[in-house]
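Next up, some structures in structure tokens.
First subunit A sits with subunit B, and in the next complex the same chain sits with subunit C.
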Partner chain A sequence: MDLINFWLENLPTMIDGLIVSLQVTGAALVVGIPLGLLLALGVQAKTKAVRFSSMAFVEIGRGAPALIMLQFAYFGLPQAGISLSSFAAAAVALAWTTSAYTSEIIRAGLEAVPHGQQEAAVAVGFTRIDALRFIIVPQGLRVAAPALLGFSILMLQATSLCFAIALPELLSQAYMIGTNTFQYLPILLFAGLLYASICVPATIAVSLLERSLSKHSA
Partner chain B sequence: MNAETFLIILSGIPWTIAITVGAFTMGALLGIPLCAMRVSKSGILRYMATMIILILRSIPPIVWLFFLYFGIGSGYLQVGPIESSIIALGLITSANLAEIYRGALKSIHVGQWEASHALNMPRWSIFKDIMVPQLVRVILPSATSYMIGLLKDSAIASTVGVTEVAFQANFVSRRQFQGLEVFAVAGLFYILISLPIAAIARYTDGVMRAKVAR
Partner chain C sequence: MDQLQHQNRVTFPGLDSDQGSVRGQVERKSSMANQTVKPKIVERDEIVRVSNLGKSFGTHKVLEGINLTVRSGEVLAIIGPSGSGKSTLLRCLNQLEPQTEGIITLAGITLDAAKPASKKQLNDLRRAAGMVFQSFNLFPHLTVLQNVSLPQQRVLGRTKADADTRSRALLERVGLANKADHYPVRCSGGQQQRIAIARALALDPKIMLFDEPTSALDPELGLEVLAVMKELAEAGMTMIVVTHEMHFAETVSNRVMIMADGRVLEEGPSASVMRDPQTERAKRFLQAVRNR
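Let's turn to the complex of A and B:
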């Protein structure tokens, strides 16, 4: 009973933290996924400069740990004259990571669209941009959707790294309560439960979606 | 950035590798019974394994780490920063590798089991001579890309004070107030460590593929 009371007492602070976590996740996805689409097109571009810079952007975003990206944005960028709040730094760093990973997911989705679709679009007189916009991208994104949702769940988990840049998200709040009360175990357990309460149903939903989508294509 | 700063960050590499290898080994071993449960005939075991895997994967690595280090470590049991990092990442790895193992098992055609039974091969020999060589071939590519992901996740060990690359980068950036190059170099180190892992994996994969090439 003590445990439940302790949890209830700290529930408002924890919910505040969870909201910040969700906001950062949202910001990273809203910026990162469209950027990922651009990068997916960029790595296939005919212009060398576009292709290589897209590849470099993707490789750095996937190769460097998210924690380092966060610290680079928060502790490193001020040296270049760009001072970001911890929220902005988190959004920028995680959006970079998101765009790098989702570009690979989206690229695989675009490649799954049969080549005949592109040819047919050209044959009926679509411009390259229109063919992408109306024919290729909508179909490719549909293929990529389950993987993108799965990645979004991972991104919510990755926001816990923002602890390192003093963003008051869920884990930071839990740690702060732990420091104040010395009740680390119960509060971290609570934080874990809150993450699980979102990620477990979301994971199940994504796998159900995946199953129902693959039923039609099989 | 001067040579000294560079060397300090460089000195974190052994711990980064130790934690990655430690957690991967733990996960690779624990993943075997977990996968066995996941595909067992008993419904209860299957359900338990599914739940364990789901929960291990649904809570962020750094929360597991804090749970072990600050939660259990403060008062209940003495757990050092290195042990807790390896155990936290190892647990998550076991869940992910169990799923990779399961995918590999599914990829082996059921006729292989039937044929080996029909030839009256001993059980151990079926496992050692028929299954393992095929399993390894399927597991290796996904396991190595998971290992590269784990290498990057090992950066969270810096938050509990393991003196690996991310920790050293933090340390020098605070001392010298120059985060830009420091974190760029640290990020580059992770990319550089992951290159040989990927190269070895590609090479081994090529050798194994050549063995079955028709």
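Let's turn to the complex of A and C:
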């Protein structure tokens, strides 16, 4: 009973933290996934400059740990004259990571679209852009959707790294409560449960989505 | 025939069906007379001319020295053993595969292997040539109606309402009006291929290219596709059909071309080529497919 009371007592602070976590995740995904689509197209571009700069962007994003990206954005950039709030720094760093990883997921999705689709699009006279926009990308994203959502769940969990740049997200809040009350175990358990309360239903939703998508495809 | 003509006039509203049927009749008469008597109509326009076409993939030669002329309203069947280059030839015609040698002129657009085609040329070419694939290649994420309508909107700039009206009329003509709002995956192979034909026709092509349109279908479903193609031919559409359907080659097409090993073995009026092939290789091929 004590445990429940302790949790309820700290619920508002924890919910505030969860909301920040969700906001950072949202910002990272809203910027990162469209950027990932552009990068997926960019790494296949015919123009060398586009192809190589896309590849560099992707390799840095995938090669560097998210924690380094966060610290770079928050502690590193001010030295270059760019000061970001912890929220903005978190959003920028995680959006970069997201775009790099999702570009690979989306590229695999685009490549899974049968070659005959591209040929049919060409044969009916679509321009390259129209073929991508109406035929290839919609089908490729459909293939990539479950993996993208899976990655989004991972990103929510990765926001706990923002603890390192003083962003008041869920883990930071839990840690702060822990330092004040010395009740580390119960509050960290609570934080874990709150993460799970989002991630478990989301995981179930992904598998449902996967099933309904496979019903629809050829 | 009168009744047929009448049917045709309603069947494919986009087509000049009157002229087409006359053309068809004259063609058949002239081919019977061994083409010594010139038909009494105006010389039909040449739609396709291929001169000395060659195609290589690396060092592997797939086509060599192909010459070909197709006139408006003609139906040319290309037959031959697998790997003879039939499909590659067809794919060269709309530049899904650019040729490595020779010149193709299609609907007034000239493509020379020696110089790369411009974007405009390719666009015009694909607008003039409708393509039907062996594996249908419908867009699975779009409804049947959208499959037929979207290209009209994007390529010809028709409004959605206009495109949808035309699409429904075409779907009706291929007997699939009731499938308009379904997704292709819910249609049989024969239905999918008829939708693919409607999709190509919706762009008012000057010529239709068919790449083994019935090869992926069981014989019964193949028949419904062949019936649509026959109507189309009778309505005067110019068609090049790569096929293994000997009956179609013999009865629907005006001319037949037999290919083997990347070359043309024989080419001429369907009746004479099918019944009386001149080369040994063509004889063997026809014998083999007939004895099946």
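The definition used in the following text is that the second predicted complex is superposed on the first by the 211 of 218 C-alpha atoms of A that agree within 3 Å, B and C clash if a C-alpha of one lies under 4 Å from a C-alpha of the other, contacts with A are read in each partner's own complex, and residues count from 1 in each chain.
Convention: a contact is a pair of C-beta atoms (placed from the backbone, for glycine too) under 8 Å apart; a residue touches a chain by one contact, two chains touch by 3 or more.
Since we're looking at a predicted model, the values are computed, not measured.
In the three-chain model built by superposing on subunit A, subunit B and subunit C fit together without any clash. When the shared chain is aligned, subunit B comes close enough to touch A:S160, but subunit C does not.
Of the two partner chains placed around the shared chain by superposition, subunit C is the only one that A:D130 touches, whereas subunit B remains out of contact. Once the two complexes are overlaid on the shared chain, A:Q79 sits against subunit B while remaining clear of subunit C. Comparing subunit B with subunit C, the partner in contact with more residues of subunit A is B. When the shared chain is aligned, subunit B comes close enough to touch A:L67, but subunit C does not. Shared-chain residue A:L188: touches subunit B; no touch with subunit C. By the touch criterion stated above, A:P138 is placed in contact with subunit C alone, subunit B being left untouched.
Once chain A of one complex is fitted onto chain A of the other, the partner contacts of A:T203 are limited to subunit B, with no touch recorded for subunit C. In the superposition on chain A, A:L149 makes contact with neither subunit B nor subunit C.
When the shared chain is aligned, subunit C comes close enough to touch A:E119, but subunit B does not.
After the two structures are overlaid on chain A, the closest C-alpha atoms of subunit B and subunit C sit 26 Å apart. Across the two superposed structures, the residue set of subunit A contacted by subunit B and also by subunit C is empty.
Touching subunit A in their complex are the following residues of subunit C: 94, 96, 123, 126-127, 130-131, 133, 135, 137-141, 150-151, 154-155, 183-185, 199-200, 203. Across the interface of their complex, subunit C is touched by residues 114, 116-117, 119-127, 130, 134-135, 138-139, 142, 216-218 of subunit A. Taken together, the subunit A residues at the contact with subunit B in this complex read 59-60, 63-69, 71-72, 74-80, 153, 157-158, 160-161, 163-164, 171, 174-175, 178, 182, 184-185, 188-189, 191-192, 195-196, 199-200, 203-204. Per the touch definition, subunit B reaches subunit A in the complex via residues 54-55, 57-64, 66-67, 70-72, 74, 76, 152-156, 158-159, 166, 169-170, 173-174, 177-184, 186-188, 190-191, 194.
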